[in-house]
Amino acid sequence: MTSTILKVENLTKYFDLGTKWLQPSKYVHAVENVSFELLQSETLGIVGESGSGKSTLARLILGLIEPTGGKVIYKDKDITGWQKSTLNKVSREIQMVFQDPYASLNPRIKIGDAIAEPIIAHKIIKGQSEIRSEVERLLKIVGLQPEMYERYPHEFSGGQRQRVGIARALSLRPNVLICDEAVSALDVSVQAQVLNLFNHLKKQLNLTYIFIGHDLSVVKYISNRIMVMYLGEIMEMAPSKFLFENTLHPYTQALISAIPEITTKASKKRIILEGDIPSPVNPPSGCRFSTRCFKVQDICKEKHPELKEVMPNHYVRCHFIEGSQGRGE
Amino acid sequence: MENRRSFFKYFISNRLALAGLIGVAIIIILGLFAPAIIEQPKGYGPDILLPPSINYPFGTDNLGLNILAEVIWGARTSLYVSAIAVGVAIIIGVPAGLISGYKKGFIGSIIDSIIDIFLTLPVLPLMIVIAAVVGSSITNVAIVIGIFSWPSLARVTRNSTLKISEMQFIEAAKCLGIPQYSIIFKHILLNVMGPVLVNITLVMATAVLSESGLSFLGLGDPTTWSWGTILKKAWDAGAVIDTPNPWWWWFWPSVFIVFYVVSFNILGTGINEILNPKINKK
Amino acid sequence: MGSFLFRRMSKGLLTIIVSVTITFFILRLMPADPVSILIDPKMGPEVQAQMIKRFGLDKSLPEQYFMFLKGLIHGDLGLSFKNQQPVIDVLMQKLPWTLLLLFVVVILSLAIGIPIGVYAARKQGKFADKLINFLVTLGISVFVPFLAFGFLYIFAYFLKLFPTGGAYTPPPKQGIAYYIDVARHSVLPSLTLFCSNVASIVLYMRNSMIDVLGEDYIRTAYAKGLNEPLVIKHHALKNALIPTVTVTGLMMGTMVGGAVMTETIFAWPGVGRLIYDSVSAMDYPVLQGAFLILAVSVVFMNIITDLIIAWLDPRIKLGG
């Protein structure tokens, strides 16, 4: 049976906006009390608008940012806040593919050298020719030619650069790969290619993914389970199939209804959220979605709902789960 | 421009950079090969204050020495002083800027404040005081100038570093566990070289202006020929308002100073244009 | 605005403290014997012993530092080697002349440099702009003594239009005639300093104006139908001025350096000329005091430019 490879417990991050004289400190509540388990070999998709905290969450797991509270447990070891700069074995095993193919590679370094650099830094392989063959092997795995070693990033297209980024992340032979909006900056046709590459690599190398995105249809394509975030909190979490067939949280319903469909049927009514996104500096008391929710009642503004498992493996944070079934009309 | 080959191509096609480079090259050749070009002026000769002629293209001074020779040997001194000054400035300034821009925090603000203070102080009077106290060997002067040039270099390095630190490939390097000194002195340094290079040309130019100024005021090395020293001798002898006026005595060293400084300045401007093609397009 | 000014003043104070400390350490820690640097070797041994006591040269370094600071607050900068006059008196005599020169040059540079910079920005890429850029490059590369020599040669020697030096032709005249005489004498030195400074101002004004004119809110102004002079005057000028004024403040330090050489050549009786004379006479107390007084003046002028920026920039005026 699949075991839990990564566990996140009550992870919280507040960013200090800086204190001014004689004024109380202001904090951005980026991530609030997030807990979940990641199973070996699964792909967990995380979906949310910008400001939902998903990128911050990724960096908390990687140790690039220190959490304000909570724990990150990898293979039963507490790795909370382990600074990435320490060259240790555990920090290698969780890696990230970044969003911007134009900014995630150093423009002054050949791509082959960029892939080789972490191998050399962690002393995984020694000897120039061995390292070179390893880099060429990685280039082949991601669908590029070994001769491209000597080229610079600006000589490649966006999709190719993203492949280089993947090869670089794989150079340390990680177990968990976090893809932070890894295809969002690519053209749609290229997106499909890269997504297929991800699936292919997962099987070939036995990887576990956390796939972060804002486009539900993309996340749906690749994920086994999906987690929906809003203003730093998990609003709903379920296996992909169930999330779409039995959507429980109003926010998820709105997101799903917004997915464009090519159909000759009469267009379904789209749920349009009204109201403003509240500021993460002062999150509303009660439910954070209450300012825009189309099902909002008084209790939503007063009482903060907890994340509850209302069906096997299906978690929701809403006061009204018992009442609503299925998609929005 | 991303890699070395296309930088070279752009360089040749930019007229400013090319002109500056040619000017700089001329000075370097004159300075390096001075002993082979013309004999070092020493002692005194009989032909006092002669106007320019075939024998003496720049005329002679009040000791009968060939001013052309003085000026060429002056190029040697100026090159020497600029090189040392720039060397000192780079050794102190670039790491200071890199570290202060990357680490930010306490050390970063301290370095930044030091830079700020040095940039506001009236530097020439301070150099005068120090030069007066330590004595006027040419190397001392060069080191003093270098010590007052590093803040400007550090500032440029720091500003570029601040920008580059926020880029995603730096975050990626951290994620991959690349050690910090590698991040600072390889990844960031490779990307800040451009603006830093521009500032280095500026430092070369101002180093010569400072050295000439100090020499002119009497703090230079009296045993070496430097354009500032030549001007000082001319001034002391009243050459500027004398009748008849030996204008060639003070004119030619000054022209060479301007030539040196202008060459480095336009070289820097040219490099800047190459790096930022947007600046001169409307 | 309050916190901005507070921060700037603290920085100014810190700069002065650093200058003071540097001066202190230069003369105490240099390989040269501090006694010979502070006390005129020509004085008799009893006087020397007295001076040693007075400057505390026989005490420990921290104690000396505090005595130094105490002396500074009382305006005691030591005695000049040349004539045993208190340094502070000598400086106070000369300072107004230097400030006069600097003041005139700054006003002129701004008054002429800003419009030229704006003009160059408007004509970007055209011949006028290229010509101005060429002149600016020459201007920032110029060696001050060369400029001074050139003006002396042309105007004083050749054309005999202006005097060759001094602030006035002795004996000093009375009333209006005096001021006219000083004004005549100040033309060449001011012109020299002006030429070397106006170039930077034109450069910065042109560049910041080009940046501002490229902004979207300027395009909006044109789209609204405003004509060019109006757009520039109402929308662009104030914003483009801010970096220029900032850089003027920063230029004060280099301007003072240029003043040293200019005053030397034109025998203008200011602090710059005093420095030159003191170097030849090895009058270290005066040198030290001159640097300090110039540093303080520069800090002061910087605070003034900061005030102007605070007034110009609404983000600072309102935001603090």
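Order as written gives the chain letters A, B and C; numbering starts at 1 within each chain.
Rule of thumb we're sticking to: contacts are C-beta pairs under 8 Å (C-beta built on N, C-alpha and C of every residue); 3 or more make two chains touch, one makes a residue touch a chain.
Quantities reported herein were computed from a predicted structural model and do not represent experimental measurements.
> Can you tell me which chain lies farthest from chain C, using the average of the Cα atoms as each chain's centre?
Comparing chain centres, A lies farthest from chain C.
> Max contacts between which two chains?
Ranked by contacting C-beta pairs, first place goes to B-C.
> I'd like the most central chain, judged by C-alpha centroids against the all-protein C-alpha centroid.
Taking the mean of C-alpha atoms per chain, the most central one is B.
> How many angstrom lie between the centres of chain B and chain C, each centre taken as the mean Cα position?
22
> Using the average of all C-alpha atoms in each chain as its centre, how far is it in Å between chain A and chain B?
51
> What whole-Å value do you get for the distance between chain A and chain C if each is reduced to the mean of its CA atoms?
The separation of the two C-alpha centroids amounts to 57 Å.
> Quick one: which bits of chain B touch chain A in the complex? Just the residue numbers, please.
2-3, 167-169, 171-180, 182, 187, 190-191
> Chain B touches which residues of chain A in the complex?
For chain A paired with chain B, touching residues are 62, 64, 84-88, 91-92, 95-96, 98-100, 103-109, 117-118, 121-122, 152-154, 165, 168-169, 171-172.
> Looking at the complex, which residues from chain B come into contact with chain C?
Checking each residue of chain B against chain C gives 113, 116-117, 119-126, 128-130, 132-135, 205, 209, 212-213, 216-219, 231, 235, 240-241, 243, 245, 247, 250, 254, 257-258, 261-262, 265-266, 269, 280, 282.
> In the complex, go through chain C and note every residue touching chain B.
So the residues of chain C touching chain B come out as 11, 14-15, 18-19, 22-23, 26-27, 30-32, 37, 124-125, 137-138, 140-146, 149, 152-153, 156-157, 164, 249-250, 252-254, 256-258, 260-261, 264-265, 275-276, 279-280, 282, 284, 287-288, 290-291, 294-295, 298-299, 302.
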